[in-house]
Structure formats: C-alpha cells, structure tokens
Amino acid sequence: MTSVILQLICPDRPGLVSELSSWIFKNSGNIRHADHHTDEGARLFLSRLEWNLDGFQIPRDAIKAEIHDLANSLGGKAQLHFSDVFPKVAIFVSKQSHCLLDLLGRVSNNELRMKVPLIISNHNSLRESCNQFEVEYNYIPIDNESKLISEKIILDSLVKHNIDLVVLAKYMQILSPNFLKAFPNIINIHHSFLPAFKGAKPYHRAWKRGVKLIGATAHYVTDALDDGPIIDQAIAHISHRDEVDDLIRKGRDIERITLARALTFHLRRQVMVYEGRTAIFA
Amino acid sequence: MTSVILQLICPDRPGLVSELSSWIFKNSGNIRHADHHTDEGARLFLSRLEWNLDGFQIPRDAIKAEIHDLANSLGGKAQLHFSDVFPKVAIFVSKQSHCLLDLLGRVSNNELRMKVPLIISNHNSLRESCNQFEVEYNYIPIDNESKLISEKIILDSLVKHNIDLVVLAKYMQILSPNFLKAFPNIINIHHSFLPAFKGAKPYHRAWKRGVKLIGATAHYVTDALDDGPIIDQAIAHISHRDEVDDLIRKGRDIERITLARALTFHLRRQVMVYEGRTAIFA
Amino acid sequence: MTSVILQLICPDRPGLVSELSSWIFKNSGNIRHADHHTDEGARLFLSRLEWNLDGFQIPRDAIKAEIHDLANSLGGKAQLHFSDVFPKVAIFVSKQSHCLLDLLGRVSNNELRMKVPLIISNHNSLRESCNQFEVEYNYIPIDNESKLISEKIILDSLVKHNIDLVVLAKYMQILSPNFLKAFPNIINIHHSFLPAFKGAKPYHRAWKRGVKLIGATAHYVTDALDDGPIIDQAIAHISHRDEVDDLIRKGRDIERITLARALTFHLRRQVMVYEGRTAIFA
Amino acid sequence: MTSVILQLICPDRPGLVSELSSWIFKNSGNIRHADHHTDEGARLFLSRLEWNLDGFQIPRDAIKAEIHDLANSLGGKAQLHFSDVFPKVAIFVSKQSHCLLDLLGRVSNNELRMKVPLIISNHNSLRESCNQFEVEYNYIPIDNESKLISEKIILDSLVKHNIDLVVLAKYMQILSPNFLKAFPNIINIHHSFLPAFKGAKPYHRAWKRGVKLIGATAHYVTDALDDGPIIDQAIAHISHRDEVDDLIRKGRDIERITLARALTFHLRRQVMVYEGRTAIFA
C-alpha cells in the first residue's frame, strides 16, 4: 500500500504536532507513523509523517503544492515522497566488490527500495560480476590529469540515467568540489569510525595505533573530506593476532552492513539532515 | 521543568494523533515528545505524549479526570504521570550485591528518577553495604514453610512504605501467585537471554550447552516464571576459556546494565505493556 | 607459505606442551601458532600447533604416520591438516539466497580457504544466481515420501565430487539419522540464539515472545535437532517497530556473518570439538 | 592454588616454545596456560606461561634469578609474577564517583586481584563514599601553580604506601612528564574511542560531530596525551534524541566496564606491552 511521506523542518513553536496531524486528518489521511524531534539548542522542530495515499482527499499530483504552502506558512522546508517511487541509484566502485555485490543482492531480494541502472568504476575488473544484474557498467578511468574530463563524463552519465542518488561503495577517489556542486546527493562508506582515521588507509593506521576495535561510517558527502553528516556507524573487535589484512577482511563485513543500513534508512525516508547532523526516525 | 506524561492504548482508527495533539494544544500544552505505534495485528494504537506542565491550562489536579474522559471516549486506557513525582521503589535482594549497589549508586548520582526507602532481603549480609544510603533494610528470611508468613510481612512492609514498584535485583526467590496478585508491579533481572535458560542456574546450563554468548533479561514479573513482558536484553561474548565462574562474573556486568536500562525506561515512562510485550519509546 | 596444522586431544598430564613443541623443534619445524586448553572438569588437554612445512625434516607424506604414533603414545586423537589443501565443500540451500551468495562471494574474494564444486537444492530457483561461479547446481526435490531416495541421490553426489564438508546455508530440510551417519561432517546456520527457539519458524516465535534481540547460531549437525556443538553466535537488536518481516531481514545479516565466521574458523582448523562443545583457537 | 606467571619478549627464532616449555617441564612445573604471539613485522616473540608453583622444583625465591638468566640467554626481557601477590593500587579520582565505586565494589567481591590502600583526589567530595572501604583518602588540591608541589606530595604518598600501580579513574588532571618519569606504571580511562576525541570534553565534541556511537578507552599512560598503548575499548550506541548529558550518562557505563576489563587483564598478567601496543592473552 502506497504511503505519503512528509519530512518537515521548521522553527519550533507550540502546536506544530497538532497542526500537522490535523491537516492530514481533515484530508482523510490515516497516519501510519508520526515522528518528531525538537533540537532545543537549534530551536528547530523536525517532523516525519507517513500516511496512506489511499483515501487521502488531496490528489497525488496536488499534494506537493499544498505541502509547499504548509511549509512556507511555518517558515520551514519540506520534502515529499511516495513510497512506490523507487529512486534511481548509481553505484560508484573501484576494485573491491563486496559492497557493490551486497547492494545488488539486496536489490534482487527486494530489500532496498531502489533501482540501480548504472555502475561507474575507474576499473574494469568488476564488469563481469555485474552481468547477471540488468545494469550498465561504465568504465571511466580517472587520474589527476583526466579528473576534470572524467568527472564531466560521469555527470553526463548521471543525467542521462536520471540518477537521484550516488552511492560510493568503496570508490577510492575524491570527488571535486565542482562535482559535488553539480550533484550533491551522495552517500559514502568510510572504513573507520569517524572522526578517527579520516582519509586514506585507515586500517593501516588503526593497526599501527594498536586499537582494539575498528569501525565503518556511512555518511553524506560534503566538501570537507569524511566530514559530512553521519548516518550510521558500526564496529568490529580485533586483537593483537589480527594483521592489517585481517582488519581489512573484518572491515568488509561492517562496511557493507553499515552502508546497507544507512541506505535502508535513507530510502525509507527516515533520515533528516540538519546542522551537519542527522536524525534517524527508525 | 516538570512535564506531564500520558500513555494511552486504544483501538486504532484514523485521526487519533490529531485528536490527542489538538487536545493538548487547545489547552496550551507545549509538546516535548510525541510517540505513537500501531500494532496492526492487534489493531491497537499506542501513544506516549509528553508536554510541559508550565503554561498548561488544565490545573494539575484536574488533568487526571480529563484524561480519564478522553480515554473513555476512545474506548481505551490511559496512564498519567508527572515527571517530578519520583516513585518509591523497594529493592529485593539475596546475597549478591552488584545490582543493588549499582542501583543505589545511580540514585545517588541522580541518574534514576526514583526513591529507594526500603530494601528487602532473605539474608542479612548486605545490610552494612547499605549503611551509607538512607534506606531501611528489612531482613526477612524465607523458606518453603515460612513462605506464606514471610510474604505477608513483606507485603505489609510495602504498604507501610507506600511502595510503587518492586525491583528484584537478584532476589533468588519465586514470589507466590498470591503475592503477585496483591502487588503486581515488579521488575526482575534474569541472568539469561530469555526464553533460553528459564529458571534456576542459567549460567551453569549455558556453560554446559557450550554457548558462545550469555545474556541478561529485564522483564515485568507475571505468574508464569520468567515469561513476563521483556523490557531490555543484553549479551556478553564468552569463549571456551571461560569457566562457570567467568560466566557469572561477566554476567554481573550485563545484569546490572540491563536492569538499570530497563528501570530508566520504566521511570521515564517510556515503556508501554500490551499483549504480553512492550513498546519502548526511547 | 604452507603450514602444517596439528589438532590433538588427549588426557591431561604435565609436560604435554613441552613434549609436542620439542617434537616439532627437533624436526626443525618453526612454530607459528601454539594454542592449548585444558578442560579441568573433563581432564582433557587440547592442543593446536601450526608450523611451517618449509624446512620441516619429516617429509610431507610421512607426517601423518608420525602424528598417529605420537597421538597413540599420549592416549589421544589427532588430526593433521596442510594449509594449502582446500577442502571441497557442498552448499545445501532451499529458496533463500543470502547465505549462498555470501559464501560464493567470499570464495571469489579468496577469503575462505575452500572450493565449492557442488550446490544441492530442493528448489531450482537459485540456479541462475550461481551461473557466474563454476559450480554444479543439483536440483534434488525432497518430500516425506521421497526423502530416502533423495538423500541417496545426494549422498552419491557428495561421493562423486569428493566432498569433505557440507554447509547447510538455509537448507530448510532435516537430514535423516542415516544421512548423518553416512556423512557426518556438516555445519548448519540456525536463525536463533540457540538453545532458544530450536526448530521451525524461530523469528515468528521470537516476535511473539517480544524479545529485544534476535540471534543466529552456526553449529555442527548432530542427530539431535539444533543441538550440535556451537561454533559461533551473533545477535541483532530489534524494537517494537519491527514486524516479523523486519526480523527476517535483520536476521539475514547475522545469519550470513555468523556462518561465514564459523566457516572461517573451521577452514583455518581453529575449531576443536569435544564433549559436545567447541574450543575456538582464533 | 598459586601459579607462577612468566611474561617474556625476545627476538623471534625457531625453538622458543619448545625451549621455554621444556625448561618448565624439566623443573616439574605443570603448565596451566601457554600463550605465544609472533609479531612478524617487528620480528619479536611474545610468550606468557603460567604454571603451578606447587611441585615446581625451583624454590620461589630462586625463580627470578633463573628467569633472568633465561631471558638474557634469549636476548630478551622477562617479568615474573606470582598469582598470590596482589599489587597495591592507588586510585586517582576527581569529582565523578562511578569508576571509583565500581572498582572498590569489585575488590570487595574478590573480582579484582588487587589491594586499594590509597585514594588520591583533587576534591574532597568522594571521601564519605569511601568510608565503608578500608582505604586512606588523600585530598590533594592541584592547580597550575601548585602542580609541582602537589605532585611531589602525591609521589611521597605513593612511596609511603608501596604503591605498584596507579589507576586514573576519571582524574581530570594531566600528570607532568616528571611525575610519569618518577612513577610510570599508570592506567587511564579516557571517555572516547581513541584516537578520536583526544583531550578534553570528548562527549561534547562527539555530540557536536553527530556520531552514532561513543566510546571508552583504557590505556597505559605515556608522555603523549591519550596516546599510550590501548588495553581495551568499548562503545555505546546513541541517537539524535541523546543530548550531551545522555552521552555522559551512557558513557559512564562503558567507562567503568572498560576500565574494569582492562584492569582484570592487567592484574591477571595477561597484558604484554611492546612497540606502543598491547597483546592481550585472555
């Protein structure tokens, strides 16, 4: 059953829960989930409301305009989603296959509410692994000189496929600020518990430091490297017996689970981003 | 700042979120938390609403009657709490001190919203450890013959101290059905991940079975042994090196953390019980 | 670099560590790992020794006989393995693909020291997913009447492929005692934290009980259903928001990780089974 | 039963396990635990051997000299411990009581193999809480001007009580390099998963960063702030609902468990420090 999902952020004041829920009720909407959070420091009110489209008095096409007016009247911003619209996701990958195959497997299992029409890689080595899935595999090499041109080709590819979201599934390249400006909707999996071990080779540095646990962090990408809003984090225990290769091996499991969890939250529209952080209504 | 907390369970139907939040808003209540859950199988709607008492138009003493009418009109049941009322809790304990001292320490730290005027034990050995806390320590031995009389003495003690809640903090006695009928509001910590290893000596049985993790379960007590609604569970990893004594030692840590977490949920009125299970709005 | 791995169980007595390590040293073996465990209740000594084959004075083919004599002289039993021998594993599967594809992916990644020449399924639905891997997919339907015949066909298939180990990767059939007698070397993944929820539909029963965590258990298969020696266990947290389908979805992640971890231990010859339990030297 | 514990680090070469275990066996020692680790990068061999003192042919007082010779002959360093010698530990604390009371409670429970004759605090507020334990509470205020003098007083106090180990149980002062030179044997609990959030106010910074998990790290103290060898780490999950105060509250539980676990390892002589890291033979 299709549901309508409203995400709204506005300045906090009394009566907001009542106003929003009454608006839905008077239009005959049956609320399935109503989640709210007040950030008292920031004086912001966050709301996520999900109700059945079936029986709702406002026609599907007209809801967006009404929501827009509602948000304006509250001095806030709203996003509207329908649960039967599966976003088109491009997965970026380098040589490591574990996150990519994990995501494609979950899509096949109907576990993730997304379509994956496009894979972008700076290597050609995972092409064959993707054969069984109906997906275009674009091999676009990238190096410091070619970066500008390569990113232009990638952006064209995203436009051509109407991509809504990019997932960096162990794509070992740093996207330029220009790229992020042109396409800002990106989720990355980083192989450390941020903010520890930002940047390259976190497992090597974790091993060197002698930590007893390693981590993985799924986050939205921003200009500042590995500093975007965190969606989910997980850790694995390690011991002195573990060499760097063992950290990498153990890390693969938390990387793909953390990325899949974060994507699940995102695709169910349970994530709200504000002030460089996230609220997860799950 | 004092808040009013309403917990309501009623048959599900459209408009409930709107109706409840509007009732609060029209009485000038400023909602701090609004959580809802619909159990679609049971067709039940659960709601927890928390708003500031300050500025609320209905006088404190009159809220209960209004809530009662509201709940009746919805065919449901409601509980009302004020965050500045700290329930009186009696802790029952046998010989092991770890959960008892943990709870008393947290009360001293203002971490748990409760008062502990009374400790009941079937042993005298922990009396001294409680000296620094202002609490009455009632040593009430209990055995199969004396059970009826002992339980009567205990019940009188609960009444005398106006006890609201009993916490079984490793009280290695089974309370009789009559006791539970007379005083049903009880939380227990059981030293296994229920439903595995109900009853006596769970660590011995866990060791014998060769499990790789042990658990602890905090639950409300019902007639059926270790079968009441579960509030919280946690586990610890063990290895073949661990003897039964190690399981007991490792278990102590998860027991006291699980019990403290469950009590925190309970005291913040975040737990709602229905159909033999709990919803935790935390 | 190839290593020799010796697993020995014998009655405990002083001097065993010295005797074993001296035997290796006098034959010019360079020990890489030496792990021991004494089960004081059972008065058993367990030892796992791993040393470099390179430079060892006893020829590869002659080691087994020497080990046999050594074990005999200690009144114990020994197993000998070489790290460059990858066992042939048959994966049994029904309709769910997540564990199967996870294992095949790990084999492709060189993460698991095994070969998978054979997949047995009572359904035909996963055949296509296995196409990219070089593996024979045997569709062998099974029902109560055909069980005897079907199991005979399966056993013939195991013999034909020289299978060393069977992995039940969500094979929703119970193997007969006769089958287990003919082929006893089997690892199963069960979707609960055993001993809770043995048997069918554990997630449904877990949901009904209102547990706050679900589990997965990898274990060797014995005659008694879900009662064999446990190799590894893991859990996931759930909340009142989770329906049975969510438990199943969350469970998939712990199932495949637990199975893969258990297999890793097994294939590295880090598991020793005794008295219905396991020691894991990892 | 008293056991002898030998910790030895020396350059790696073939035959070390054999040599050490044979030395114990020829002196009629019955080995209870034998753990080894080879750091291949550092070409170091680490060994921890534990055997029964009872029946051992070398007299208790003479073992140290023999061990010294043995270590010398291997070009390494050895430490010798007897399990019936409980080290004298001074606990340093500021205003927060949770780690202090947790440790004292565990000592009372005979869970930690140590004596605590001395508590040092730069505040007087926890004196009363320690009354029930037989321990001297030294209130030694410290500020930037008085630091040198205060540290001198503290050092005198450590000498007077024959202190073997200092535990910083939330002692919010940084000890001077001179102090560390005079008394280097110190364990600290830091309230973050190092290396993230070194230094002051880690929970505030964790909240600001929007992390989804917080951590605690027990480590040996070195000159470089929060950079010493890590013994144990743990994490707790947090959500957007958690304010800084909730992080602090949740953090208390992982702080005391992590500190207690690290101390348990240390006191059982299961920790070996080398190259800025630890091996934990547990």
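To keep things simple, chains are lettered A, B, C and D as they appear, and every chain counts its residues starting from 1.
Criterion: contacts are C-beta pairs under 8 Å (C-beta built on N, C-alpha and C of every residue); 3 or more make two chains touch, one makes a residue touch a chain.
Owing to the predicted nature of the structure, the values given are computational and were not obtained by experimental measurement.
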For chain C and chain D, chains touching each: A, B
Farthest chain (mean CA position) relative to chain B: C
Pair joined by the larger number of C-beta contacts - A-B, B-D: A-B
Between chain D and chain A, distance of the C-alpha-averaged centres to the nearest whole Å: 41
Euclidean distance of C-alpha centroids - chain B vs chain D, Å: 36
Of all residues in chain D, the ones touching two or more other chains: 241
In the complex with chain A, residue positions of chain B that touch it: 14-19, 21-22, 24-26, 28-36, 38
Chain B - residues contacting chain D, complex: 97-98, 101, 105, 108-109, 111, 128-129, 131-132, 241, 249, 252-253, 257, 260, 282
Footprint of chain D on chain A - complex, ascending: 37, 40, 193-197, 209-213, 215, 229-235, 239-241, 243, 276-280
